[in-house]
């Protein structure tokens, strides 16, 4: 019924170099979707998928069934039975095959239909369900959703030597994955988001100067302190950050500073999974102490309010950010701020500065690659990261 | 911001004969909506509507108020008062009329406005609310939403002779009605959806061969076993199945095999009601025993988790299909699978087989009728089903 | 897949004079949005915003942060930090400034960025956040969101002399603001919505005849009883009603008839806030008695089911309108009926009558003003209401 709808004048916009291309989307068929499908993606925590179980997963706006056969092999297939569209994860596992709950069609691990109890012989061999390469590494299940052969696996090196591999609870974050990946390039936020309150003098006392450079495998980022010390962090393309972090609140320093791997897997354009594995350099009695302390910590997390409930209270103004108490405090803080930017951050309204150097470089790389894909030009051939480039603490 | 959005290539599609027409929609004004409005539809359980009560209902994407006058007469009217749009079911019943809660406009059972307390005399007679033919049969209230005279009523015959008429809880199913109607033509699913687990040999041991034929009143469907025995099931156009079913879990065989009537009434294109009446051939002491057992069963259902809560746990992968326990187990299983196909099943991706013969025939009939309506050609004149064609058990 | 979608024939429509313009929308850039932004709007209850706290608010489809500085000054700013879009209400207050939680950018009360701990000197002065005029009056915080200078403040007079200023709980109503503002012009609904049940004779016994006239500042409305007594109610443009109302249920007559101010502030086109302030003419011991009784009443409201839970039960047909019990009964009744008209009332289907005279006049005024804005013609210059035009009880 509107006669005329006047649009308000656009606010001042930064001259974003990626304004002509959507660097945040991973929907199938888009440049971003094609780019992201060149890589392995973390999907699930290995320990959460026992043999004989099937789970629904959603990755980059598409639905799949993830299951583990009786042999222990994990597999990813399309989520719908080709017959009548029933969800495959409702089916049951027989050896390493899966049988649909609706009419018993059975598919082997290559996706071939091998049994159709109520159909004529010969029909089954004409029917396949699509399957996707699946691997496990550092306590996580990874999948590959692109065309052709997947890249080598494991697709990233990790610290070797004694230690405990700790896989954290998987967080479902209600915003685009790029916001959280960008946040992992933003060392400066730590002094504010994770230590809210305090004066300018205190806050600006020891902030790092951020610089970054592109590599064969992603981006190397540096945080240089006034002391001249440099912290080096690795951002493996397209969504994995390897960094050394301080001991977690609640762990009371047990385990010390740990090397940690953050994966930000797109569920769809407005949601992602945050999957975290850490390598804790402890052995023997120290490892026992670490595990005991971590079990205690996990119990306190399980007993606490769900992370997103607290985040919603903060967003609604019912709870002040500075008043949050939660065993997973840093995770609550990060999600409140990053998903608080909106489901998909409006990057055209931003005013970026010196401290955003890592983010700015990564966006340029993304925009360049997506534009090449959109225009049918050759894109970068990403390499498996070398084992000898490692994150450093720097102070 | 997307530069170019490449669509992925379409997957292989079956040559669905109804690809040019939407056989699932019942929205007003569509061929499907016009087709479906030629028939009576089950709306509500009679026992749930006491005299003097009004309820909101939604049928085929339109909202109505259903009420029962003090005389016991049920009526259906538009849901909004013509004056200022207040919901009529908030009003109160006076004899067999209903008065709007906003300004007291009163409408008689023919829809004529007969009182407007704050308006000038003479205005009321210019105002009507639309009414819809309403009848009751077998413990259910039916309504007619088409143009012109409704078909004869009762619109389907039922078993006569002694027995108990049992009307089940009404289920609200979050998918298109046609999925559940089709499932009622799919005798083979019983061996899988309702008995999950088991080997190919066991599952395929005694599956029926399905055949079907069109009739004056709908479709007659046959399930032929290896023994040569034939189970005959009636599908009354457009959404009512009459079948003989085994005793319910939890009833411990009390009442034996019963004749049952399934109605699948569209709420809108993505939801339907599943209304069930059964005729249990018991009399005297057996009827008493049946009623007592059924009351016990109803109490266990009332105490159980809501059906849709269990279904959502299954869909989310929190509960395995084979691990479900619920007094309404078969209903949970059916809804999980049928609504699990999606809000509206994507029929163009299916790979139908021999066991889908009933579904294939019904879709052809639907597509033919809807195409005739779309093109303004004469459509089939459906007849009231004869009393002498009845379902048989067949084994 | 639909071949042809026939639209049902339009029902008979009243010849609404505003059919060519959307009088209900307040979205930015629309004629309605431009019109509404000429006025102050009630935003929050003063007592709910302590010094040092920030809250998210949404007004006319736009998001803001409302905060109170340590000096006690309330302020409204855009909700997103210009840097990277974090919600400003997650930040913390320092004196009368606010600092963003993401990277510590600090803004003074004029919106100037005054600190950026991690950025180079000189960048801050180039960055502003938009601020909006903010004032307090009668226990409420008001904001101005239009272009240029705001109108004089306070923008409406109020009863002076001894008394208690009582600010009610703020209700979030899930429908367009205009429905509730129109309801406040509809004196007749009281006999039905707030006294459901009863015969025509009883209901129509003493209904007022409604008349209305436009003024410099809004609309003056009269309800004339058979006795000749006239109740006069003031509707201050664009969404504020000043009226004398009977003692509240639950207050047992303590405080007597009070002068009350209803503000209906659009949250977006489908939601609004209902903010109520009353001036209760009591002093000394009577004021104490009033406050004690009101505290008791507030406790009973706090202990009762949330208003919207009850409304949803009524809408779903689980609870009959006449059976509602709730300490805020009148509010439950009003919201059930007014939001029951739909998120945005379909005014083209209405059949207005004599009793809708106030609504009809206000819609004409709105349509005239919005049409002038749409066509770039001069619009009315609204005046601050005079102190000597006051509401009267009239009986």
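We just call them A, B and C in the order they show up, numbering each chain from 1.
Note that a contact is a pair of C-beta atoms (placed from the backbone, for glycine too) under 8 Å apart; a residue touches a chain by one contact, two chains touch by 3 or more.
Because the structure is predicted, anything quoted here is derived from the model rather than measured.
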Inset, instruction - Between the chains shown, work out who touches whom and classify the graph as line, ring, star, complete or other. - result: complete
Inset, instruction - Go ahead and align chain A to its copy chain C using Cα positions, then give the rotation in degrees, nearest 5. - result: 120
Inset, instruction - Return the distance between the CA-based centres of chain B and chain C, expressed in whole Å. - result: 43
Legend entry - Residues of chain C engaged with two or more neighbouring chains: none
Legend entry - Touch list for chain A against partner chain B, complex: 19-22, 25, 27-31, 34, 53-56, 80, 82-87, 89-92, 94, 100-104, 106, 115-120, 123, 127, 370-371, 374
Inset, instruction - Provide the residue numbers of chain A that touch chain C in the complex, in ascending order. - result: 1-8, 186, 188-189, 191-193, 196-197, 199-200, 203-204, 207, 314-317, 320-322, 336-337, 340-342, 345-346, 349-356
